[in-house]
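Look for subunit A in each of the two complexes below; its partner is subunit B in the first and subunit C in the second.
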Partner chain A sequence: MSESKRLPPQFGEWIDRGSPVRFTFEGAACEGFAGDTVSSALHAGGALMLGRSFKYHRPRGVHSLANHDVNAMFEDGTDTNIRADVTAVRDGAEYRAVNTVGGLANDRLRIMDAFSRFLPVGFYYKTFHRPMSLFPFWERQLRSAAGLGKIDGNHKRNRTPKRYDWCDVLVIGAGPSGLSAAIAAARAGASVVCVDENARPGGTLSYAYGSEPAAQGRLDELLKAAASLPNLSIRCNTLAAGYYADHWVALVDGGKMTKMRTRAVVFAQGAAEQPSVFRHNDLPGVMLASGAQRLLRRYSVRPFESPLVVTANADGYRAALDFASIGIHVAGIVDLRPDGEPSDLDERVKAAHITIHHGQAVYEAVPRDGLVGIKAAVVCPLDKQGELDTDDGLTIACDGIAMSVGWAGADGLLYQAGGRMKYSDEFEQFVPETMPAGVFAAGRVNGVFALDQKLIDGERAGLSAAKYLGLSSPSTLPEARRGPRSTHPYPIFYHPKGKAFIDLDEDVQLKDLVNAETEGFDNIELLKRYTTFGMGPSQGKIANANTVRVLARLRKQSVGETGVPTSRPFWHPVRMDALAGRGFHPHRHTPMHSFHESHGAVFMLAGDWQRPAYYARPGRSREECITTEVEAVRHQVGMIDVGTLGKIEISGPDAGAFLERIYTGRFTNLKVGSTRYALMCDESGVVIDDGVVARLGEDRFYATTTTSAAASVYREMQRYAIVWGMNLTLVNATGLYGGMNLAGPFARRVLQPLTDIDASETAFPYMGMREGTLADVPARFLRVGFVGELGYEVHVPANCAKHAWDALVSAGGAFGIRPFGVEAQRVLRLEKGHAIVSQDTDGLTNPFEAGMEWAIKDDKPFFIGQRSLRIIKKRPIARRLVAFSLGAGYHGNMPKECHLVIDHGKIIGRVTSIAISPTLHEPIGLAFMPAEKAAVGTPFSIRIDDGEMVAARVVKAPFYDPHAARQKM
Partner chain B sequence: MTMLHLPHRRGPIHGLLESHHHPAWRDLAGMPIALHLGDPAVESQTAKKGALCDVSALPRVTLKGPGALWLLGEQGIAMPDTIYGATPLGSAGVAARTGSAEFFLEDGPAGNDVARLRAITGAFGHARPGVHPVNRADASFLLSGTGAIDVLEQTCGYSFRERDPGTMVFTRIAGVSCSILPRTLNSIDLFQLWLDGTYGEYLWETLLDVLSASEGGAVGAACYFPDL
Partner chain C sequence: MKIMTCPINGPRPVQEFVYGGEYRPMPDEPAASDAQWADYIFNRSGEPGLSREWWYHAPSGTWFIAERDNVKDVVLKTYLFDRANPPRAGKGATP
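Entry: the complex of A and B
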């Protein structure tokens, strides 16, 4: 650190001198003021070098102070990649530069700069793949060297809120044109939100006014006008990060994202100043003129002691006057234009005793020792073709170079909004050509640079937005003049020794672009991906424009023909915590959830539902717990919570006919008080769901669906009911009823004392349905047998379900009742050979393949998928779902679901379900096999995780109780 | 047997309230409702600042089907003409038209309209042809106070800045489908939410978490229904 560069108090400064801030940088104590950015505070303390470049580890300092200075990124505690140029300095912070080894000053990787000639773009594409055996080594080396910042696993999760917001007109940018637009739209009656990523409003009026005394009052006038409008809100420190369909703009402030839905949007984000390209244009001390002005005006920091200003527009002259106004000795102005500045600024500069070098450019900056600054610039004359005459160079002593050679509209969001831009040869800038409805642009992004014209252009855009919304606005809108031309067509100068940087993020040099084009990467998108220009954290905001110019010249095309890379969100990088926001992960609980929790349930997700996979027991393994649950059902009685099943009530005169069209089976002939299996296919004949349909009355049915398909089946039913114009009422009763399946030899003895129905086999046979009460609450009973035992599925109103469950648990105590989870249920049904739709079927499975053809009743006029199934039926079946066994003596590694069936090295099938049957004491499963290999007794091989082949054999299903006697006890 | 006087009925977040807040309960039409979750004086202030209250126990029913409107008319219950239209029912109840032939009714604590309708339609709803009563098992919450809008704007993409007590809004809150109606109870402006009860615990905890950032919290139903 050296002497302080802080100026005495300045008009309009953003710092609060009454609030000092103390922090450390690379271990050294530093001071600043509240309102400083980290960079401004460090520069004020004399720190020129703020970081190291990405690839060559060259010293870098303040460059733009506009969120493009990606070589000045710091870590502080567990936080990393802090953008020092725009982040407010924090009292007590301990900043360190990222991307160094051994600290900023003594970064051991700075040696990379000496090897830069051996590290052209794409060198690792060409180098490290030979020999292939060494690639993993090189990959590790490259990955450890690449990237900025290190993620600290101890970083505390920051659960930032995410919010929604609404307005009539969103104005992006609170510079003169943005404020003017916002005021005009608000005066017309619109609710207006004006956002700006800077800490204060004003845009160029907050830093580029030093030489324009009249301009200093304009910001106050605009802010006073804005403050008088209650329907106008100005939000600073708010980044418009991305534009999405229907005027949905992502706003990020303080780590929080706001989803702003607006009816119209005005883009007034201004323009990003572009650098000149010359040797050593990246070193500390070489900065954009606007960056230097920001240091000076916002933070009252001397950017240099004796700068050279290189320019091609009036802004450079104004910057020179700004510097001179606070006593900085300006070493000269190098104007690329042969005729110089046409306005009176030329005279004003001369009056300030600043030498102007017309028709010249900077050829190279002369670095100080260690590259930590510059001590001179070599200036050469330009010929009529814009080439430098390097034989006639002049060395001018200076400690900095302020570059003001052109601007590129901050048009990224405009592109995202669907705006079409065209290149204006007159202004050397892309300007809007056509805009989508409700999208407007104003100010520099629209090619308007003069202050008075920007105010007019903003008013036009604001009134246009109001008019678009149907609010009152003048029939004739004001019209601003574009210009003056502020951008040089080619401020880029080759140096045979290189180090003329195009992209400071990625250390892409001018020669890299030339080489890449020579190698055939001659399209702007290809060039981007090969050289990585524009792919760093600043996303090419100060690299794209010059790259396009270089490629256009190499290709002998116009800039317009060459085009620009695609703009995508986000405009600036957005913190991950802002993107994540507060996490919303909806999940559903059945009424019995508290019972499951208190009985050790290990939950699994089934869609949104949290279901018990099994009930853990102390000292027992998962498998032992599941086996115990299976054995309870087989030998005593068990109960599973099936409240997650989809439940749909269908009533009305057409209810039966409707179900016959929805499902493959028959339902008009279903007797009241009975149930029937129901299989659902889509139009192509693919199995999509199954369940049970119960007939409650002549025109009342009750259908169950699988847990995961409840919502989609109900939605499809609603759609078809409307399409078919049928007279019925549908109710999605999934959440309205709790459900429990009581299964096992003792199920009836548990149930009967609690109910008013006759639960006997004769009075209530298998596949029957009854309505009655259970423990004094109304209940529906379904005699179904998914798990292959005597079973009653009981559905009761959800708010009574816990009571009913508890009553059954209590009554079952004497019979050894045990709750069982989804895992036990899967084993039980597998022993019965029952397929689970979506586990044992996939998105192409038809009923013939799955062995479900018995559920198709084709003797009815229509059902969904009927036509397809008739066609499929005529064709040979390619695959079949078969039951298989590994044999009772198998004790090796178990195959898993989705393991492949291999025959002579080829995949011929896959396992869909597998488990060790506690009842049969052998591994059993279901698998898809080619139809010709589906015969009972066919041997086949399953390849498991470690590549081992496991022998299996097709067997006859079901594995257990083939005559279903136990379900009809 | 009607649904309203069954034993042992519990709201969808009964267990959660019991374990986290130890509320003072009372019976409301056969279901416990939490009167207070803490000091009534503090709750009263919280209700105005930012509060969440479980009113799942309020009796409610949906009637669907071509005969539903006729039945309601027969019972002297006027319904809005427009879909999503809402109107008061009794002293503190709500009636809303949720479809061309779909009607939602919720009684206040002193109301009796829902009980009458349930008695007519039966437990599983087949006593009246053309009328299909839906056994509601909603979780229903009141979100009140100055912080309510803030909570909604953090969890919902629909703007509730324009309060319209005559229109029920169907939208998603924190990813859960909800019906929402701006109301005023006991001179407190609030939003009432109805949702599938199986999402009740999730949404309760989520909204409370958002509310906690603005020092809001959970309160009992007596804040809004002083006669309870």
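Entry: the complex of A and C
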């Protein structure tokens, strides 16, 4: 590192000289100040080379200092792809450049630059796919060379918060036009948020107008006006990353994403300066004039010692004056325009003894040894057609080139918002043509470049937004003038030796575009995919505009006809941790959750609910625990929390008729105090849900649904009640009641002492329903059971459910009661041959296939799915759900759910449920089989994970207690 | 579209809503041929233009009809279903 390039303190600088920062770069000690970016601190310390390019590993330095310098990307041991040009330098950090092998200075891949002529565009596509057998080898090689940065697998997990926010007007960009828009809108009474991706507000006022007396103090005035408005807040370091429908803008700052909903948006993001294209235009020392000015004004760093300024607008002249003002010797101004600068800047530059070369352009930069910087520039005259006369070159010694040949409006978000842009031949840039409602553009993105006009244009946009919101605003709005033209139509110069770069992210050269167009990639989107221009981390912000100009010229069409690549979110790349983070999907707990937790429950998700899959016991495997729970139900008594079932109360004169239209069965003839199985189909006759309907009174019914369909069944019932115009009331009681199913031979003996109802078989038979008390709390008892034993399902108000559960557990202690989970329940019901809707049925299963036709009562005038089921019934059934067994002696590898039934190499069916029955001591299951192979006794083969075929046989269901005697005890 | 206007609750974030499909009156069951019935069950219109759709505001349990320009993805108006004066069926018609 050489001597410091830091300037003496100056007004408006962004650094805090009282807070020095020490860090290392590539192992060497460096220092800077708080407020420095990593790049500005390094450049101040004399480091010209900050990184290596993506493909050719060429040295690169400061270029834009505006979040486009993707060749200066660092890693610090924990984080990677740190954008050095905009990231605040951190005390104690150890930075290294990404994309080098063996360090920045001695990067072993720098040899790639010498091979560049053997690596034309499309080289990888064309080369490495033949022979196919070698592709895996090449893929490994290429993948290790591709990409930037390394991921630290041990990185500790970051929790990134999300924030929701809203305002009346969001102003994007806090430069002169953005600030004036924000102030105008806020003065009209709107609540305004103004965001800027930079560390401080000001935009061009913070770097570009140091030589303009009229600009001095302007920023302070604007910020004072803004500070006096309580309904205006300015947020710096905040990137508007994407625009979505209904004025919904994703704002990203260092630590979080804010989902900003606004009623109107003012786009005032300014413009990105565009480079001139010439040989070696990528090397350290060649930078955008605005990048050099940012170094100078914001960070008080000398960008060069003796720069050449190549320009086609007033901005280049201002940059030259800036350099001269701090004693930098300007080697000359090369103005592409034959007539030079029309404003008084011309006189002022001449007064500063700076030579101006009119009608000339830089043809190439002359590199220093090792390409680390430049020592001269070759300047040639431009003819009337804009071609360089390369025979007449003049070599000018310089250590840098400041380019100010044009701007491209930062209009990506404007496109995302649905703005239509047209190319202005007058200003050589795209300007807004039509804007959607509530979208406004101001400043350079609107083609307005003069400072006084930008302030007017901002005010116009802010007042327009206020007017759009219905706030008071003057009847005539101020009008700003576009221009002056600040962009050259074609600052792009071919060199036969190449190395004239279009895209520094992806190392795309001018000749690559020419070759790609010759190969037929003649549309801007095709050209982008083939050459990868604009696909790097800067997303083409300093590549797209020039590429479009090149393609337009090659195709002999206008820039407007050529168009620009589609802009999609995000505007800048956004870190994954801002997008990822905590899920906000809620989980529901039943009232018994604390019991489950304290009894070792292993939870599973069922819909939104957390349900115990099984209760783990120390030293016992999962299977052993499930088996123990199954045996408790079969031999003593068990209890499962069924509070997650959907519960719907239906009351009113039409309630019975309504249920008959909703479900396939009959309910008007259901006796009060009884329950009945209820099967629901959709209009196409597919089974979608099942449950139990109980009749509480003449006009009152109580229906249960499966856990996962609770919300959708209730929702559809509501819709049908409206469409059918029936007189009834629906109450979603799912969360109102806790539920438990007490099952097993001792169930009645556990229950009876705790209740005032007569639980005997004669007084309360199977499929009955009673209302009474359990442990002194009101309860509904349903004699239903899914598991095939004597059982009582008890529903009690949710706030009493834990009390009732505890009372049963305590009373059941003498009978060996055990809580059981969903897994044991699945085994128990499988032994009974019961299908679970949506496990043993799929999105096409009709009741005939699932063996549920007994639940269809077709002698009704209507039910959902009836018409379709009548059509289906006329046709042969293609498949059936069958019960199968692997045989009592089977001890091999177990098939799993969804394993396929294979016959002569063809898929003919699928396993839907399988378990080793603890009761029968054999593997049993349910499977879909073709109807002609569904007869009891039919053998078939299941292919399991490793390809092994397992023999199975269709058997008769249920496997257990075929006459259902045990549930009617 | 990020905002939907519930006829009862006013403009709310679209996450609070459930799409209920195109508004399509059921044909007369006994009168419809199998082919007409199958057309009702399986075919949906992909026609660009105005579409009348069922939407459901989940927190309040409100079903309503939204008339949406599915080309611009703009909701033109929303209203409660009225059996006595049902919405017109079909797409592409002007509101």
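Quick note on the criterion: the second predicted complex is superposed on the first by the 964 of 969 C-alpha atoms of A that agree within 3 Å, B and C clash if a C-alpha of one lies under 4 Å from a C-alpha of the other, contacts with A are read in each partner's own complex, and residues count from 1 in each chain.
Going forward, contacts are C-beta pairs under 8 Å (C-beta built on N, C-alpha and C of every residue); 3 or more make two chains touch, one makes a residue touch a chain.
None of these values were measured; they are calculated from a predicted model.
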*Superposed on subunit A, are subunit B and subunit C clashing or fitting side by side?*
fit
*Partner chain(s) touched by A:871 [first = subunit B, second = subunit C, both, neither]*: second
*Looking at the overlay, does A:862 come into contact with subunit B only (first), subunit C only (second), both, or neither?*
second
_Looking at A:368, would you say it contacts subunit B, subunit C, both, or neither? Reply first, second, both or neither._
neither
*Who touches more of subunit A, subunit B or subunit C?*
B
_To make sure I follow: the centres are taken over C-alpha atoms, the vertex is subunit A, the ends are subunit B and subunit C. What is that angle to the nearest 10 degrees?_
70
_Going by the contact rule set out at the top, does A:245 touch subunit B (first), subunit C (second), both, or neither?_
second
*Touch check for A:348: first (subunit B), second (subunit C), both, or neither?*
neither
*asked:* On the A-aligned overlay, A:329 touches which partner chain: subunit B = first, subunit C = second, or both, or neither?
replied: neither
*Of the partners subunit B and subunit C, which touch A:337 in the superposed model: first, second, both, neither?*
neither
*Once superposed, minimum distance in angstrom between C-alpha atoms of subunit B and those of subunit C?*
7
*asked:* Just to be sure I follow: which residues of subunit A are touched by subunit B in one complex and then by subunit C in the other one?
replied: 261
*Considering the complex alone, what residue numbers of subunit B touch subunit A?*
1, 3, 6-12, 15, 31, 64-66, 101, 123-124, 126, 132, 134-137, 153-159, 161, 174-176, 196-203, 206, 209-210, 213
_Complex contact set, residues of subunit C against subunit A_ = 1-3, 18, 20, 26, 29, 32, 34, 37-38, 40-42, 54, 56, 58, 61, 63, 73, 81, 83
_Interface residues, subunit A side, partner subunit C - complex_ = 244-246, 248, 261, 683-684, 711, 715, 718-719, 722-723, 725, 732, 862, 866-868, 871
*Once bound in the complex, which stretches of subunit A touch subunit B?*
161-166, 259, 261, 582, 584-591, 593-594, 608-609, 643, 649, 651-652, 696-697, 700, 727, 729, 731, 733-737, 771, 773, 776-778, 780, 797-800, 802-803
